[in-house]
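Structures follow.
Both complexes shown next keep subunit A, but they swap its partner, so subunit B is in the first and subunit C is in the second.
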Partner chain A sequence: MFLNSITLVLQEILEAALLISVLLALTQSFPKMKRWIILGIFLGVVGAYLFGAYIGSISEWFDYVGQEIVSASMQLSISVLVALIAFLLNPARARVYSTVMLSTICPVLVMLSITREGAEIFLYLQGNMTNSVYTRSVLAGSAIGTGIGISIGVVLFYLLTGLSSKSYWVVSTVVLALIGGNMAAQAILLLTQADWITYSAQLWDSSAVLTEQSLTGRLLYSLVGYEATPSIVQGVGYLSVALLILICGLTTKIKYIEKRRQRHAQ
Partner chain B sequence: MPLLLTLVKQKRLMQVNRRVPQTYWMLLLLTVCEFSLARPPLIEIEIKDHLFYPAVVEIPANTKVKLLVKNLDPTAEEFESYELNREKVIVGNSISVIFIGPLPPGEYPFFGEFFPKTAQGKVIVKE
Partner chain C sequence: MRSIRTFLILTVIATLILFNFIAAIQGYRSSMAEAEQLFDQQMFNTAMLIANLPLEQNTTDFSHSGDIAFQIWKDGKIAASSSNAPVSAIAELTPGYGYINFSGYRWRALAYFDLRQNLWVTLAERSDIRYLLAENVILESVIPLLIGIPLVGLLIWLIVNQGLMPLTQLSKQLREKKAEDLTPLSEMELRPELVQITRSVNSLIERLRSTLEREKRFTADAAHEMRTPISALKVQLHNIAEEVPADSQSLIQLRAGVERMQHLVEQLLVLYRSTPEQLAENSRLLDLYTLAQDVMAEQYYLFESKNQSIELVGDHCTINGNDIALTTLLKNLLSNASKYTPESGQIKISVKKQQQRVRLTVEDSGPGVPEALRNRIFDRFYRGAHQSDRNILGCGLGLTIVQHILVLLGATITVSNSRFPTGSAFIIDFSEAKKADAS
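Up next, the complex of A and B:
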């Protein structure tokens, strides 16, 4: 129970931690953004509590697949908002209007990612609190899982901010693309589970190389959305969203650099 | 001229015959509707004292199946399976639906992520 609670909590926390540290690193030049992100964390914890508390009745929506539909909508919103962030923070596009937009998008984004994952932790803890045999090990494991998750987030933040300004933007955009793609693929899986998207054939089977059960597999699942047996629609969804984010974040930058070069040449 | 005449004739013929493909289309549409309206087989699984009943579920191959999971415990459980690519929280004293398949024959273990030591089961897909 102890190890299980570490991995369960760590897995849930990692996704949010990854997003928060990238957002914090990216918005460093916007002085008040930290406050908005902290507001997002607070809202996310409240949202997780509410989502967890009402998940029973939410599950009954749409013929007992409400949970999938609500979670998938949250994940798809995260994908879209991440693409918007990449678009707005693109060095060629940073203008005054984006500061206002950023201070609305960042807290919503953080809130959504914590709400979805936090609700699960909340339900897990609630269920195990009543079961006195496990309470201690579950609490200790969860605390350790949270600690590891936050530490990885902090390390990532310093790694990103430590990079040179050139590679920093490229690496951040790639991380955003992985987050967005991951969210889209997970949303598609949930919609398939709810029978809102029809089944599509398996794209590959890498369970012989790396199982999803293994610790590495579980961590990679939270970080980049690793799946041993993804479907074709999932693969297409992942790739198209990731590509969209890369285009939003990187293309104009290239044009911008070219323009600057041309100006220098003149 | 004769070519034109035959063309006109053909067109008339087609007009007469237009109803035939229409009926075919209607039939096709009806079968498609019936196919999609055909409900997937329903299989019930209960969760009690952090155990699955039945722990082994048999389903036909290449068929979509609707799992109706009843959690009779007061605590929440998460139905999870890496092999089936499924994950769903089922709160205490509630019913939930999970669609699985169509799947090739084989064994697909599932477990309750919140109480993985006891809550274990598998889906056996048979031809």
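Up next, the complex of A and C:
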């Protein structure tokens, strides 16, 4: 139970911590943005509790696939908002965002992420704490998972802010692309389980090398969306969203650099 | 802006958690494997013990706990077994360990052959209980680590705060240093890392002090050097006035020019003489109402010459300030009001206490200042936008001096419309002097 608790909690915390760290690093020059992100965390915790507490009723929606549909919608919304953040904050573009726009997107993004990941932890704890024999190991495992997840988030934040402005944006966009792609792939899996997307053939099977349930598997799942047996649609979804975010975040920059080079050459 | 303190505390705690917790996971894994071996060894010993039990004993007496089940095989048949053992074989009769499911649980199974007794013992232990037992023992060493993390976090916070204390103190010393205080920072009890910063700041202060000293000397010298030729010019002007007719246009313009030059020099000297040090040196408690009354009396000739009516209303309010600077301020405001108010116009001064502040208002019935120009009138050498304003004697420094003095006194000025049909109101808010200031 101890290791299971660590891996499950770490996976969920890490997904949210990565997103929050990148958002905090990207918006550190915006006044009061930290406050909005903290508000998003608070709303996310409340959302996670409500989602977990009413999971019975939610599951009954959409012909008893409510949980899958609601989770998938949240994940797809996260993908879209992450792409929007990459587009808006692209430093090469003229200031196309307004502070109001960012102050709305950031807390919503954080709230959705924490609601989804938090609800999973809530349900796991609720399910396992009923058996008092495991209480200690579940709590200790959850604490260790939370500690590692948040610590990785803190280290990532300072690593990002310590980078030079050029590589800082590129690395942040790559992390955003991984988060967006991961969320899209997870949403497709849930929609396939709910029969909203038809089942497609398996892209590969690497379960013999690394299972998803192992600690490394779960870590990679959180970091890059690793799956031992992904379907073709999941693969396509992952790549499309990740590419979209990379294009939103980086392309104009390349054009901009070229323009600057040309201007210098002249 | 990223705080050094937050950076140090968060990264040190995060690194500590990462290494400790990963070490705990690694420790847990190897301890669990060790425990597994230990339990297996214990099973083996139990199997040896069972092999030596007298077979005649009633089998139902064996094992009451339910956690261990066994069978004794002799000549291919079960010779004895515990009450909780399954009917079929617990394990294949080949020596070694394995797993089996029965009675709704997963069991660790062992097949042991005893050469001396020539019999097989198959033994099973509930896997979940073995696991729980091992986990509980190992958690005993993990939980103190978890409880310790907040305490270590607190310690790190205290250590970082203590470590940054010299920096905090230096920053506090700089923050609390008044603008007029040009004494060097103390280098006593400084950490080696801060010595260079302090020396650089001290060298900067020293350079600033000598620059200010030079400027002060220059102002004093310039005052003397510029006043003397102007006085000589005035004497010569007086002599010329006796030789040429009084209505000579050239003489009138020459006199106006010399007066303008004298005014400009006086105003320039006032502007550069008022420094924070001078204001702080001669700062004392003053009754603003009485001061306004004195300046009004002194400047009365201005209003009389234009047949203007002037009125002072309000209460006796005390403020902390320098009387020379405040007199200059009032003189400039009143002469400004008189200059821009037409003949027979009205000027009103009021001194009133408002909450924790003392408000001085100078209103006139002149043309007023358009809203768009209200910020510009404080610029150096700015004169009114109309041609008529440019005919008024002045050099465009009066309101600049007013604002300069107000900044040094920590007071604020706003310009709005006066309560007369036309005209402007200059509203100045001073901090009221507290009793402690008097000391």
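Keep in mind that, in the parts below, the second predicted complex is superposed on the first by the 261 of 266 C-alpha atoms of A that agree within 3 Å, B and C clash if a C-alpha of one lies under 4 Å from a C-alpha of the other, contacts with A are read in each partner's own complex, and residues count from 1 in each chain.
Operating definition for what follows: a contact is a pair of C-beta atoms (placed from the backbone, for glycine too) under 8 Å apart; a residue touches a chain by one contact, two chains touch by 3 or more.
The shown structure was predicted, so the numbers you read here are calculated from the model rather than taken from an experiment.
Placing subunit B and subunit C on a common subunit A by superposition gives a fit, with no clash between them. Of the two partner chains, subunit B is the only one touched by A:Gly56; subunit C is not.
Once the two complexes are overlaid on the shared chain, A:Thr161 sits against subunit C while remaining clear of subunit B. Of the two partner chains, subunit C is the only one touched by A:Ala140; subunit B is not. In the superposed three-chain arrangement, the CA centre of subunit A forms the vertex of an angle with the CA centres of subunit B and subunit C, and that angle is 160 degrees when rounded to a multiple of 10. When both complexes are overlaid on chain A, the residue A:Thr216 reaches neither subunit B nor subunit C.
In the superposed model, A:Met1 lies in contact with both subunit B and subunit C.
Contacts of A:Glu120 after superposition on the shared chain: subunit B is touched, whereas subunit C is not.
Of the two partner chains, neither subunit B nor subunit C is touched by A:Thr104. Of the two partners subunit B and subunit C, it is B that touches the larger number of subunit A residues. Shortest separation of subunit B and subunit C in the overlay equals 7 Å (C-alpha atoms, whole Å). Once both structures are placed on chain A, subunit A residues 1 are touched by subunit B and, in the other complex, by subunit C. If you check the complex, the residues on subunit C that touch subunit A are 2, 7, 10-11, 13-15, 17-18, 21-22, 24-25, 28-29, 132, 135-136, 138-139, 142-143, 146, 149.
Partner subunit A is touched in their complex by these residues of subunit B: 40, 64, 66, 74-78, 82-83, 85-92, 94-99, 101-102, 113-117.
Of all the residues in subunit A, the ones that touch subunit B in their complex are 1, 4, 8, 55-56, 59-60, 63-65, 67-68, 119-120, 123-124, 126-128, 130-131, 189, 192-195, 199, 207, 211-213, 227-231.
Residue ranges on subunit A touching subunit C, taken from their complex, read 1-3, 6, 28, 133, 136-137, 140, 143-144, 147-148, 150-152, 154-155, 158, 161, 215.
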